[in-house]
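Okay, so chain A shows up in both of these, paired with chain B first and chain C after.
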Partner chain A sequence: MKFTAYKPLARSVLLESLRRKDLWVVAILGFLIILCAGTLGFFGFDGLEIFAKDLAVTVLGLFSTIIAVLTSCRLIPDEIKNRTLYPLLARPITRFDLLIGKLMGAVVVTWISFLILCGLTAIALTVFHVQFNVIMLQYVFAKMIGLVVICALSMTLSIYLTPNASATLAFILAFGTPMMTRGLTMSATSVGPFGKFVYATINGALPQVQLFDIGGRAVYPNWAPVPMWVIGFLVAYGMIYSFAMLGAGWLKFRKQAV
Partner chain B sequence: MHPAISVENLFVQYKTKKGEIVDAVKDLSFHVQEGEIVGFLGPNGAGKSSTLKVLMGFVNSQSGNASIFGEAAGTPESRKQIGYLPEVAMYYPFLTPLETLTMYGELQGLKGPWLKKEILDLLDLLGIGNSAKKLNRSLSKGMLQRVGIAQSLLGNPKLLILDEVTSGLDPVGRKELRNLLKQRQQDGATLFFSSHELAEVDMLCDRIILMNKGEFVEEKIVASLKDELQTFALVYSNMTSLRGLTDHIVVRDIDKFEARFGTKEAMITAIGRVQAGGGQVLDVVAKEGSLENYFVETVEAAA
Partner chain C sequence: MSIMKHWIVVGTMVGAVTLGTQANKFASIVNPPTRIVGLQAQDTHAAASLLGQFRTSFSALLYLRADLYVHGGVEMRPLTHNEELHGRTGASEAKDEAEKLDGDAAIVTVIPSEKEDFRGIFGDVERRVASYKDMAEHHHQSPTQTLPLFRLMTWVDPQFIEAWTSAGQIILWENKKESSALAVDFLKRGLDQNPESIDILEEIAYCWMKDNSNQIQPAHKFESALPYLLRAKEIGLNNLKTLSDREANSLKDNYRKLCICYRELRQYDELRKVAEEGLNLFGEDASLKMALAEATQKR
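Up next is the complex of A and B:
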């Protein structure tokens, strides 16, 4: 692993994304958020604080996931298609270094987008005197770790599948995992030990992105902050899952003829 | 001392989309010594790019060995010593040449003000200093090729592997590039490049390696090859028998003949015969052979 390789790779992803005006999409989404808040204000905001916060975290979760998937899914396929991969791989770095550097770039782009959206949402809610508490900050932090998982998952899928197929599957997994997990857990109660093992394995392989979404609690003004050990667990799970995803991507990418 | 490039019994296969196995390179062996400029020639589909890709680690060989200065080809250690220009130069459209080269330089392990100075010097040397801060997407094909050449020269690598190096360059650019590459050789670099531009190969290379249909055909020292390809013409008067020396005799005029010889020795013998027969030698011409004819004939013979 070559740590000096990650910064230039990540910077190039960020610069390309900025100049390609990808972040304009974020600005438009942010404008929509403010517009929604304005509409709420127009019809009267009293007693709607929880609803407004709930709507905000739902919109933030949706938009940031879309940005994470779309940014990460095209990185490696675009490098191969545009033949920009050759001069990169001609450098004294490993293909794993390349994957880490590209993932870091995708994560930085996603985080910046997410934080811009958070900032705009916060401004929109502050106008209506919505109170923020510690758990809101924890929500933002946990969500950022969850976005790393989604980026790693999307990039790995794009190594095995076409960009469109990988984006579709990444969306299904990012939005559908909570439902799939519930289904698997319920089904596991009615099968034997081997069936339980199979279900547990499938469940373990799924990205448990719902763990990172504490927005449901964060919207209530009196909800206590999440204990730090839980946040620590989320960080550990996020890192382990992301590295496992990168490892799975590398297994194919390391020997892939380009 | 290890050769700059060593390839031994290399086999490379590809699987087509239909699942068929295609032999791209078959039992290829050659060496490139440090300080040489070697041209890697062959028609389209000969296996040149596949071989270069193995040297860079972009594809894996089925069997055989390839090494760069003694390091297994394709490893980060071997790539530390290589500057590589791909056949089709594409660079990030939304970055500038300065940013692009900074990224490649940093990946190469270079950094700081020294890197920036080297980049700007290289861009100036390649005639695109004024475009250092324009987006790559706004540059012409020739300018992008120069960006590609600049990235391959970053960090003063010991070995330059260049795939179709003159592609997209105008005649002035080609001449400048030739001078630049010659200068790099004088500074100790080894050059290994594939090209279809035989005139460039002729002017630049010390040696050529010829491939066809994935197989090694032959290698030649360019200076010796030029000697081999050189022909000699003798214009003389008086019908003198040159039997045994040449069959190529053309009647130019009444009592004026032109005979062609493959070697200088045959021509000297012929001059002796003409003079002994009372004839006069009117003209002696040495003609350069065509590398293109040699290329076509050799490839056809190998097919």
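Up next is the complex of A and C:
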């Protein structure tokens, strides 16, 4: 592992993103956030705190996931398609280093976009006199860790599948896992010990993205902040799952003919 | 030829804009008001319960979200058939309303409790990051926060009668001096979209009856409510055979409110007539019986 190689690799992803004007997309999404906030005024009711926060959390969750998936899914296929992978692999780095560097770049781009969206959302919320609290900071932090998981998952899928197929599957997993988990917990009450073991295995394999969403506590009043051990667990789980995904991607990528 | 092309383009654009601005006039033809049968959101089938939010329309989804607001973000669900077959009981199994009110512990949440969750630490973490709590002795948030959702529902689906009437109730719930006027104003917009709705007419009348803004002439509120109740009664009688259960209930409530209005306005002949008419339609109703007895006594 060559830590010195990660920074330029990540930087190249960021520059490529700027060159492709991806941040314009973020600006347009941000404009939509402001527009949504404007509709609150249109409805003309006082005491909109929950609604405003609910809308903000929904929009942030949706847009940041879209950015994470679309940024990560195209990185490796684009390098292969544009034949820019050859000069990269000619350097004294392994393919695993390349994957880590690219993932770091994708994470940086996604985090910057997410933080821009957070800033615009914060402005919109301030207009509606919404008070900020610790849980909102925890929400932002946990979401950032969750975005690392989504980036790692999307990038790994793009190594096994075409960019379009990987993006589709990544969206299904990112948005569908909470529902799949609900389905498992609902039906688990009526299965035996072996069934529960199978359910736990399936559940463990799925990316538990809903764990990184503290939006419910941030939106509704009278909820206590999340305990620090839970935040620690989320960081550990996020890192382990992301490295597992990266490892799975590397298994294919290390032997892939380019 | 080139100038003609330009004129065709400009003409088409002007035509499109004109048509767009006049489109609302065709709403009653293209999308005529229909009676809403009711929200089927609490299906007990497992797949329906899981996918319910996709199955129902967007406005119904917002209606469910309003329930989430009132419960501080704690998401609940009905029991599935499979769970019932395995002997699990929920709040919906309560024998009567009193048992239902006392049966908070039997409410089933979407995120399961620790003892029902097979996921181990994942479950523990989710219960700490999500808006989850044991529903025993739970409290409700102020419903005022749900108003934007109801406004959105009625905007998306103007024929969603329950959204209009629920929002009217919530505006009234604020119990401010101007609440009745605001609720009436809001409901009148609903009435414009659903001129044949018994529920909305009855709700407007109720808002007038609860109006406390005119302390000098308290009878004014009953006089204001009366035309709406009479109109609702007329619509109900004209469509007696096609009324849904909810509309039939509204018509019964409408008769009760008519009785209250006539009693407060001391129009005892009218009170007797309305009470008799209501009893003929709905049989044994204690309120209408009492109204009839009062009318007979006061005459």
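In this text, the second predicted complex is superposed on the first by the 245 of 258 C-alpha atoms of A that agree within 3 Å, B and C clash if a C-alpha of one lies under 4 Å from a C-alpha of the other, contacts with A are read in each partner's own complex, and residues count from 1 in each chain.
Basically, a contact is a pair of C-beta atoms (placed from the backbone, for glycine too) under 8 Å apart; a residue touches a chain by one contact, two chains touch by 3 or more.
Since this is a predicted model, take the numbers as computed values, not measurements.
After superposition onto chain A, the partners chain B and chain C occupy separate space and fit alongside each other.
Here chain B and chain C are compared by how many residues of chain A each touches, and C touches more. Of the two partner chains, neither chain B nor chain C is touched by A:Thr58.
Contacts of A:Thr168 after superposition: neither chain B nor chain C is touched. After overlaying the two complexes on the shared chain, residue contacts for A:Arg217 are found with chain C alone; chain B is out of touch.
Within the superposed three-chain model, A:Asn133 lies out of touch with both chain B and chain C [touch as defined at top].
Residue contacts after overlaying the shared chain place A:Ile93 against chain B, while chain C stays out of touching range.
In the superposition on chain A, A:Lys7 makes contact with chain B only, not with chain C.
After the superposition on chain A, the angle chain B-chain A-chain C between C-alpha centres rounds to 150°, nearest 10.
Shared-chain residue A:Phe233: touches chain C; no touch with chain B. The overlay of the two complexes leaves chain B and chain C separated by a minimum Cα distance of 38 Å. Shared interface residues of chain A, touching chain B in one complex and chain C in the other, do not exist.
Residue ranges of chain C in contact with chain A, taken from their complex: 46, 49-50, 65, 69, 72-73, 77, 80, 82-83, 85-86, 88, 110-112, 116-123, 125-126, 128-131, 141-142, 144-145, 147-149, 151-152. Here chain A touches chain B in the complex through residues 2, 4-5, 7-9, 11-12, 15-16, 19-20, 82-84, 86-94, 255, 257-258, going by the rule given at the top. Those residues of chain A that touch chain C in the complex are listed here as 40, 43, 45, 47-51, 54, 142, 179, 181-190, 196, 199-200, 203-204, 208, 210-214, 216-217, 219-223, 226-227, 230, 233-234. Listed in rising order, the residues of chain B touching chain A in the complex are 14, 53, 56-60, 76-77, 79-80, 82-84, 86, 88, 90-92, 94-95, 99, 102-104, 106-109, 111, 135, 148, 151.
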